[in-house]
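Taking it in order: structure first as structure tokens, then the write-up.
Chain IDs A, B and C follow the sequence of writing; residue 1 opens each chain.
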């Protein structure tokens, strides 16, 4: 059976723990390869070198062969539907697709309709499940548990792909989540009924995990256009706020970082920061997710098309 | 001896049958690899994700190593000739080049002058021999022969890379070809002396193979600008026209498909459609063509440059 | 210890000879592979298909796995520093980076700060050490020595990445260097104290190596805008100037070539030309440089981040 990964919301706690277990084993050197040569395609309709490179490394560590797919020059430009593109890739023998796309829930037209697994690498303002899972792995490595942890998610919560799904899954796993940042970037539909918006100093000082979100200049150009230095002082992790953090607490950020905006330059590689460790964990999580998608597909997708032929004696 | 693939027109019937035989064997699981590590470069001066991905998969199935070549940032931008670009690739050890280029017969400056085989992946409004060959393979798989088959080629015949060369080669192989579509897109020089232009309903109803061509919005922007719904009703494969098709007849399309224009949405994956099978066959045909190009090249292209040196004692 | 390659100026004569020895051995078929799967990333912030393809081939001949990195869509566009980009690549397990960048000495922020070797594939108007080394290898293959050779470097000396560093290193190796070309493109700071600017006919007739530089249309658009035919007659290697060249002397050019501008079309592949041999040597030099960078890194860069974790019992 093919195993898509579309959102963390759809994953049960058991499934999440199982992916994290696999990722942990990969981080400790576990090897796994599919039994036959397996091609994958990374379809990034929105730029993301970091996530794409991370998938590429994960794929190659598993011995998979990524086939280059350049969105800028693809048939999507000629009006081809995403469904037809994925069916094409399936036809030429691709075993799984990793997709980032600007449209929320783009995967709805694919899931259940195409014969190969779809791994969501980010959809619009929707989900980014491998980012969520790497965040979870980093937290679990640090604390050995989720239950009872206090996590503060800080920044542009309304537009973040991971803020809401991280909050949802962290609460399911037993952590307590608070939000902070500019109040105008928060709305109650983001957090569930139990979630609280708190002032930045309180959020930072009370948290085991300070999870910063990236300011997306792209989205805030017109209108509000927050002044960056001002943002840092009001909502950023400044050197003085960091001094108030709990013993043993950690700093996370999905990157790319705006140094001096969401976080003081000197804190990016401080003892408390797990930012580069998150990136490292991203590879292990993606290896786990790819294995999960592919290991029940062995034998490939040939059957889908191979007998597409009229009987010869019509 | 190096074996270019430039047009199907230059291939004898025996050569065509031999390529199709090899492709058929690859489709049945035949393995072949060159004896040494072999690099290839895919030079796509015009975008074509589908054809490019298909070549990439074919190359990797043969154990070849495609070297990325980004035309947008290449020295062609700095005024380098195509000949110098290919000679450069030859110098750095590339074993074969696959080229798509907007200029008709771009390969004339290469063939016979460079030391490595050139595989044409489409030239201007000229040829697209691997597309033709995959069409032939799909037909041969279905009917086991070409002689006596009726093939209707429908659409923008004047601008199609494959309409004319498919017609030429199908007639050489013993099939009967008719054309249909908007009369203004047809001219007698396209079809040879024996070829007939027929009305759409007659073309579809009489054919063993309905070969649809893609409407190229790009080319028809100015001027005529056919309304798409109107095109579908007048020249497309509608649901009602499909009902009149012969028993055992099939539908082909080179893709990308404009659903609802050349073909009704519901027919794209109908029992009669071989559209995705064509894509699958594309990989096997390209494997055959690459093997043909490379298997007499073993030992590589080193000799070309290795002794480019004055005698030391001048 | 990690071994960057930033400039040839920083390399001792012994180090240069050692890289050339290795490159020579690779040209003769020597094999070398790192003991474990090793990823590299080629970061080309300025386009250069030739250099990039050459690195790609070198990497694959060594069994390395290049991870695609598309600068156009990278986080640099989102304001990420080069340092953070390289640290990211290090975090996801990349073993070495090859960088071309438009800024002079861009590597200063990296060298000593990141944990993986940096290979400079060209910085602004600064250096291009692998180009210099491939030029040296080509000369050494031809003459077996540098001492006593006369090298004429001709063209846009002021803006060339290799003119100055080639001159510096050739003089250290015992050759005599003269410059020629448009006087306005030469300034005394380019050549050291001993270097001479001579007229084109004298430069060509007296040289063992005529090293042509590319006219960079890009840089000379506004203002002077040399007429190309006029340039050829006044400063190019014309057919008649070539006739005056010494017996056994050779022609070099870094390419891409402007045929009929820096060099007469008919001379590009003449007996005297080593232009395509330079390209071939580029692969061997890059193999040597990559081996040098990686062979002391075995065991990888894991330690950098692996224990970034608070003690569990805080």
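List of remarks:
Everything below uses one rule, namely that a contact is a pair of C-beta atoms (placed from the backbone, for glycine too) under 8 Å apart; a residue touches a chain by one contact, two chains touch by 3 or more.
The model shown is predicted, which means the values in this text are computed figures rather than measured ones.
In terms of which chains touch, the assembly is arranged so that all chains touch all other chains. Although chain B and chain C share one sequence, what matters here is the overlap of their interface residues, and that overlap falls short of half of the numbers used.
Between the two copies, chain A and chain C, the C-alpha superposition involves a rotation of 120 degrees in steps of 5. The mean-CA centres of chain B and chain C are about 39 angstrom from one another, to the nearest whole unit.
Under the contact definition stated at the top, the residues of chain A that touch 2 or more other chains are 68. Of all the residues in chain C, the ones that touch chain B in their complex are 44, 47-50, 52-54, 56-57, 60-61, 68, 141-144, 217-218, 247-248, 250, 255-259, 268, 271, 274, 276-277, 279-280, 282-283.
Those residues of chain A lying in contact with chain B across their complex are 37, 39, 41, 65, 67-70, 72-75, 77-81, 84-85, 87-94, 305-306, 308-310, 312, 314.
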